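Each of the next two complexes has chain A plus one other chain: chain B in the first, chain C in the second.
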Partner chain A sequence: MKSLEITVVKDFNPHPKGRDEKDVPPDGKGTGKHFRESCLEPAMKKHEQVHVTLDGYNRYGPSFLDEAFAGLIHSSGIPPKEVFNKLTYSHSTLKSIEDVIKSRINSAATVYLQKNIENNQE
Partner chain B sequence: MKKADSAKREIFLRLASKRHAHEQARKNVTYHERKSYLPHSILNGHLIEAPESISIYEAGSENTDFYIKTLDFIGKIEKNFAKKICKIDFSRTVHMSAAAVLTLCAAMTRARNNGAHKSIIIWSERGVVNRMLKAFKVGRIAKNQTPRMDVDWSRQVQIVSGTVVGNKDEEVVDYIKQKFFRKEMSPDQELLYSNAVSETILNVTRHAYPDSLYRDKTWWLIIEVIYNEIYLAIYDVGVGIPATVVKKKWFENTFKSKFPTQYREFMDKVKEDGHSSKKELLSSNISDSGLVYLSMMGDVSGEEESNKHGQGSKSIKALVSNTDDGHLWVFSNKGLCIYTGDETPDQIIDLPAKFPGTLIQWNIKFE
Partner chain C sequence: MTNTQLIMTFIGWIVIFAISARTLRRNEISRVKDNLVKKIEDHLKIIDSLLKSDSAPLEIETISNSRCAQVEFYIEQLNYIVRFKLISKKNTALIRELDFRSSPGNDISSVSEIFYDLIEEIESEYFNEYLKTGLPRRIKLLILDLLEYIVITLCFAAITGIAWLSLKFI
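Presenting the complex of A and B:
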């Protein structure tokens, strides 16, 4: 299938928060890691384009956003190129959230590329 | 008619005689207005006198008496409350700060978990002090009850307590949104307040209690509104920032950046001492106040791994720096750091007595 839109508050959890099960014990339900593993990664595997809509909630924490989006690179090991090509996201009233996601993904990509360079040099 | 008058007179004399006998019998007896119906055991309970001013803000001033006396009082509560019958005497107390109330509330609720003895409260003569005490239901805690500390929409002062379980942080932001912004909070404001509250609470559950089960990782929060300012403080009785900050991956870089001279001296010591770990040496060579300050700096290198964290303090600083005369106070163990904006240097203060746990307080002005 070509493209998929995920609305976080409808398709995942109305009050997403935290990074992982340490923040929301015992099972990490509603966290960034849970979102990435249960929604985002499967979508990225099956579809050419994935758009994440963050509307409907204004309290996304930086921990959630980092683990959900940048975690595709730093935790799931998906190459940055694939993430940049496939993934888009939006929040119609909070552009600052889009900026945070962009910044976190870029940082994760930088570290990924640096590690690759170091590994190649070895 | 004469017979009726005589009967009335007889009754009158009988009653007067009885009254006189009763007065004579009560001549040397002392009565206590409030305590007359209390059990003897409580009347003779262990007396804990609260100081005139229950406040910790003076820790950074020349006169630290209020701070020391407040901590001493809280220490007595921790040691005695609920373990024995106590009389907690607030009669001399004329002032109580929000932050100190939080530490007192935590001390009493924790002590209550370890004992079942009832206590009595001798209330202050100041209504403002009693209102603060009633906000955290001190009377009920004294009576061996464990009242729920949820958001109470009827109160001006909110004291809320929770653990990592549940959504109380959301309720706090809802309260701020509805009570102070009257539902006219912009999405950006909502995000900022939410990050400041939620990320700080998440930090408590992540770092403050490394050896505890998640349901025991308790935090206490107070919100008070004075005119157009919100005073908000979050408190935990965990291991303290100085114990945890040295373990962060970004710590050494920040230490090197902010205190280059001390960092060079530290590295010389590391070379001399081959036995201790670097982290142990870091803890013993930097004061608690320095460690608290560095924790507020967070990562200064911009490296990815370390940049994931430290968002709570960034959000709070953003709120404080946008407020005229805004302050952020961070008490932890023997350190205090006060932030008033990026334009002025932080105050780094060695506390005269160890503060139990970590308290973060900030004030924000709103329109």
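Presenting the complex of A and C:
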């Protein structure tokens, strides 16, 4: 299937927060890790384009955004090129949320590439 | 009343309306700007008290993000009233990105720097736009405002004229 749009508040949780089960015990429901594992990763595997709509909630924390989006690279091991090509995201009123996601994905990509370079040198 | 008197009255009315509307708008801009700065300072005080009380990072993050959204909406309001992008949201993205588990988020002096960068940007942009402007720019802004009010007045006059004509012929 070609493309998929995920609306976080409708398809996942109306009040997402936190990074993982340490933040929201016992099962990490509503956290960035939960979103990545239950929604984003499966979508990235099945579809050519995935768009995440963040509208409907304005209080996304950096820990949620980092674990959900940058976690595709640093936890799930998806190559940065695939993430940049396949994934898009938007929040229609608060562009700072998009800026945070972009910044975190770029940081994760930089770390991933540095590790690859070190592994190749070894 | 002769035509000349009518025209002079009309022009005088526009000038008074323009000065009054301009003053009100400037007061509104100043009020929203002051509220915005106060919100940011209160946000910083809350984070300071939460960091000192060893609150959980997630709790601080949740509260901080709630206030971040409010600040961003206030910046939108200010940009809307001034009719262009007076304040960018670059610094609010830095506040939103604060991770209270590790540096710089868990160090109040680093957090304060980010907040005061935003406050300084707001105050300096406001000062440069509204207080520091030279005479040519002031005249240009005044002319633009006057043109706007003339258009508004003409529209109002047209609507009034149409309404009067409709009533006359009913």
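Going forward, the second predicted complex is superposed on the first by the 122 of 122 C-alpha atoms of A that agree within 3 Å, B and C clash if a C-alpha of one lies under 4 Å from a C-alpha of the other, contacts with A are read in each partner's own complex, and residues count from 1 in each chain.
Simple rule for what comes next: contacts are C-beta pairs under 8 Å (C-beta built on N, C-alpha and C of every residue); 3 or more make two chains touch, one makes a residue touch a chain.
On a predicted model such as this, the values are computed, not experimentally measured, just so you know.
With the two structures aligned on chain A, chain B clashes with chain C. When the two complexes are overlaid on their common chain A, residue A:108 makes contact with chain B while staying clear of chain C. By the touch criterion defined above, A:74 reaches chain B but does not reach chain C. In the superposed model, A:26 makes contact with chain B only, not with chain C. Put simply, more of the residues of chain A are touched by B, taking chain B and chain C as the two choices. When both complexes are overlaid on chain A, the residue A:99 reaches chain C alone and has no touch with chain B. In the superposition on chain A, contact is made by A:18 with both chain B and chain C.
Legend: residue contacts after superposition of the two complexes on their common chain; A:59 is shown touching both chain B and chain C.
When the two complexes are laid over each other on chain A, chain A has residues 17-19, 23-24, 58-63, 66, 93-94, 96-97, 104 in contact with both chain B and chain C.
Those residues of chain A whose C-beta lies close enough to touch chain C in the complex are 17-19, 23-24, 58-63, 66, 93-97, 99-100, 103-104. Those residues of chain A whose C-beta lies close enough to touch chain B in the complex are 15, 17-19, 22-26, 58-63, 66, 70, 74, 93-94, 96-97, 104, 107-108, 110-111.
Across the interface of their complex, chain A is touched by residues 57-58, 61-62, 64-66, 68-69, 72-73, 76, 89-90, 92-93, 96-99, 101 of chain C. On the chain B side of its complex with chain A, the touching residues are 164-165, 167, 169-170, 173, 187-188, 190-191, 194-195, 198-199, 202, 205-206, 214, 303-305, 307-309, 311.
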